[in-house]
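Below, subunit A partners subunit B and then partners subunit C, in two separate complexes.
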Partner chain A sequence: MDQRTRRQAYEQRQRKRSLIIAFLSTSVVIGAIVVLIPLLPRWDRVRKSFFDGEIFADSFPRLLRAFWLDVQIFAWSVPLIFALSLAIAVSRNTRSPALFPLRAAAVIYTDVFRGVPVILTIFLIGFGVPGLFDSRAWSNPLIWGTAALVLSYSAYVSEEIRAGLEGVHESQRAAARSLGMSTSQTMSTVVLPQALRRIVPPMMNSLVSLQKDVALVSLIGPIEILRQAGLDKSKFANFTPYVAAAVIFLAVTIPCTRIADYLLNRERRRTGATAVS
Partner chain B sequence: MTSSISSISSTPKLSLRNVRKSFGTNTVLDGIDLDVAEGEVITLIGASGSGKSTLLRCANLLEPLDDGEIFFDGVDIAEPGLDPDPIRRRIGMVFQSFNLFPHMSVTKNVAIGPRKVLGTDKATATTAAVEMLTRLGLADRADAYPDQLSGGQQQRVAIARSLAMNPEVMLLDEITSALDPELVGEVLDVVRGLKADGMTMLFATHEMAFCREISDRVCFLHQGRILEHGPPEQIFGNPQETRTREFLQRVTDAGRF
Partner chain C sequence: MRPNIKKIVPVLAVGALVLAACGSDDDSSDSEAAGSDCSATIEDGVLTVATGNPAFFPWVIEDTPESGDGFESAVAFAVAAEMGYAADAVKWVRTDFDAAIQPGAKDFDVNLQQFSITPERAETIDFSLPYFTSNQAIVALVGSAAEGAATIADLKDVKFGAQAGTTSLEFITSVIQPTQEPFVYDDNVGAKAALEANQIDAAVFDLPTALFVSAVEIEGSAVIGQFPTESGDNTDQFGMVLEKDSALTGCVDDAIQTITDNGTLAAIQTQWLADNTGAPIISE
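Take a look at the complex of A and B:
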């Protein structure tokens, strides 16, 4: 039977109608932006100092090379953040009285590092810790900048993991324990895998945020993309390098959020749970 | 009613003595005495909140007791400080809400207990799991995930998961209460099979007809006590206690008998 019911025909008409409306309204909004903004009185000067094509082309490859340093800091930070925050989250979940100092330390740690702005942590650790050592080898701002990022972000990510652990229903633990699993087996085979799937979206948000905050490390010395953009800005007396840097960041952060969404949806489909829109 | 309940066998498999449990000021188990003989099927009936589920959870040490003893093969497993893990692997439990592990396939759900707890290697545990699933009529769902199954199928997987540990006693906690009426039968069929195999079972249920059919003895719980117990013919045919009669009347009035 190829005959569509009246209801199906109606729904298809509705879908077509929504599509047309969405297309028209998007065109109107984009058209308004493109037409109206250049009508602003000083648009011409802003365009010259922020959107200069030649400066963009000149600066872009240099920025891209500098961005490689951001990528490296990021790549070092992520596994360290993951390991540290996991350790903190799990230790906050322990019950043994012998581990009380560990639990207390975890609580103080998360309170302190979530309470201090990332930039301050970078200053304090980046300038403070190298002073503890005689050797110049220990004064590498890259190491301490990365350490500061790891300490700051682990405080947030550990709270996300902890929320994920607590989000696994008590009945799952009961089922695992009733099979004779120990507390640590229950944690590693039943609770943690479910918690980690749950925390993918908040954690990816934190990682996207980290990708941007890597630029803050520039404030204690390393010439990474933000610093390079600042140098180029001074050289050309023009803000276009900042726009170019923003474009480079977007080229990385937008695909990352899309990948996170894709992974999450695939997981939902695989286990059969349907998302409520 | 005397507090001590003797069983049909001289050496009970599971024996509860003066088991007490409170949550805050709410006394849930108020001195339970119960002997379960090897191969015996005992059903627990009673209103919601009468202590059926807590009794089962205590028997599996999922809830610590406030007072009392639980003898399993003559050993007090409720002794404070005793490691509960080796005991739990010998006692199977099936929950009202299935509690399958949603991130594992059906086969892995069944194989995970033997693999992690008994140290069975993956291949052996998987083969045994598939055999167990086949026995319960779930061979074609072996690769599915729990969320893709009907409630009845999920509960049968949960029973398979528990049986995979080769338990000596099964605790069944209202295992059909979360199921659509037309799915109850397939789960009860599994319980019939277990009885035929001689499994010792402690079964909290609201399915009175099935309770009458399968029980060796029925215990009526009221306010944390076993108010009346006996063979099903007696409890359903000639209940001695007013509370039992009232409960059965309410169940009948609700059309659940």
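Take a look at the complex of A and C:
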């Protein structure tokens, strides 16, 4: 039988106590919200305008179907964004003078695509590029809208990856050099794994932000969830469809962020840090 | 134990909520029934007329409604004159198409933006009597899949595009019912861009807009068909939009009735709207 130390027993009692206090405090706040907000004078109007149950039930299946398009666009964008931003970040991080044009190109790329609003990029690429083709298959706005999203987001994500790369202490590269590893070996086996693990929270941030920016593809035609919510809003003159869309988004983003938190905690425990409370 | 700040903050927040709930006045507004008061404008002595941003040809010429050029601009000035507002007592503002038909207080007296009268919209805003009867028409590039269509069945496999929230889009989804879902845009500009980029085969607009788009705005396009005014659920009629239960509605209706009866409206239509012949009629 493992015997708990006095420290461990103390910490367990503290944890139990914190749990009870947190539970009580949350109940008070939630109870107050549930009881007091309906007492506000215009609550009825707001409730009818934003939280109408019938309209919610009516638009929900349509929104779910439109959301499937978002999911597909998202599924296509994420690996492409990751690959492109990794390429840009790594090229920006090269040190050899012979690779200067590559570094310059990466800098110009990030500057331009971070500076130009995503909406503009989507219109320019979504409407502009297809005009050059004759075939319907190649002018599909889904292709070019996704391409515009990928180009825009890679600029942001590449900066996050670069932050991770620069966050790896120089001594790691020095140690790798002294072991006789080449630059590319250092990058792939020593620096990158550490860097990528560090930047999980900001990457998750970008991912969640991307899930919502996918809606911008609706500007060039496809009916995805926010466009469908807008059409329903016009049809019913009520904003509940947007609330329903928000519920669907939350149902997807909250598990994603919890997974990211779990990965982070696991990493923290693995690298041996003790929590200071 | 020291007083824990973290416990006090939620209590303070709750207290603030209680104070706010008790302190607010009761909402007392019960809207007045629609009346016939020609002077009940939001600004005394001035009729505030709203239109789109930008306002399209042939409804307003060169996006300057103040000039009186363009069908809707001319109608607005004629109605204002009947209501007792001279041309210099008319103020023009711009609104978003969608925002104007949402419930709530408005910052205009009347709004003309090719709003089709529908029962759903009439629940949230007031419509005046119709000032124009429109029909839907299709614009496509010459040589597209939609060309030569004579019945709605010929259009089933066409890829359509239209502006969000309009009766044109309703027409596509409820009357034509194509096999491919239409693409939807924030405004007609998007639909036109998509036509040029070969992303859609055809776009649906009301006939006057369609004639302008094909004649001037998109090269190599044509109005390949128009639908009879009786197609679909409603005969598409444009009405002016007013705030729900506005006191001006009766007055505006009287003015529109007068200019319809004395031929002014017909004259304005002849002056600004092109003839409807030429585009083949597509039957159901």
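Rule of thumb we're sticking to: the second predicted complex is superposed on the first by the 248 of 277 C-alpha atoms of A that agree within 3 Å, B and C clash if a C-alpha of one lies under 4 Å from a C-alpha of the other, contacts with A are read in each partner's own complex, and residues count from 1 in each chain.
To be clear about the criterion, contacts are C-beta pairs under 8 Å (C-beta built on N, C-alpha and C of every residue); 3 or more make two chains touch, one makes a residue touch a chain.
As the structure is a prediction and not an experimental result, all values here were calculated from the model.
Of the two partner chains placed around the shared chain by superposition, subunit B is the only one that A:193 touches, whereas subunit C remains out of contact.
Judged by the touch definition given at the top, the superposed model places A:177 against subunit B, while subunit C stays out of reach.
Shared-chain residue A:39: touches subunit C; no touch with subunit B.
Once chain A of one complex is fitted onto chain A of the other, the partner contacts of A:71 are absent, as it touches neither subunit B nor subunit C.
Of the two partners subunit B and subunit C, more residues of subunit A are touched by C. When the two complexes are overlaid on their common chain A, residue A:28 makes contact with subunit C while staying clear of subunit B.
In the overlay built on the shared chain, the residue A:185 is in contact with subunit B alone; subunit C does not reach it.
Residue ranges on subunit A touching subunit B, taken from their complex, read 171-172, 174-182, 185, 189-190, 193-194, 197, 270-273. Across the complex, subunit A is touched by residues 7, 10-11, 13-14, 17-18, 20-21, 24-27, 98, 101-103, 120-121, 123-124, 159, 161, 164-165, 169, 181-186, 190, 193-194, 196-200 of subunit C. Across the complex, subunit C is touched by residues 21, 25, 28-29, 32-33, 36-37, 39-42, 45, 49, 127-128, 130-131, 133-134, 136, 139-141, 218-223, 227, 230-231, 234-237 of subunit A. In the complex of the two chains, the subunit B residues touching subunit A come out as 57, 60, 62, 84-93, 95, 97, 99-103, 112-113, 116-117, 144-148, 158, 161-162, 165.
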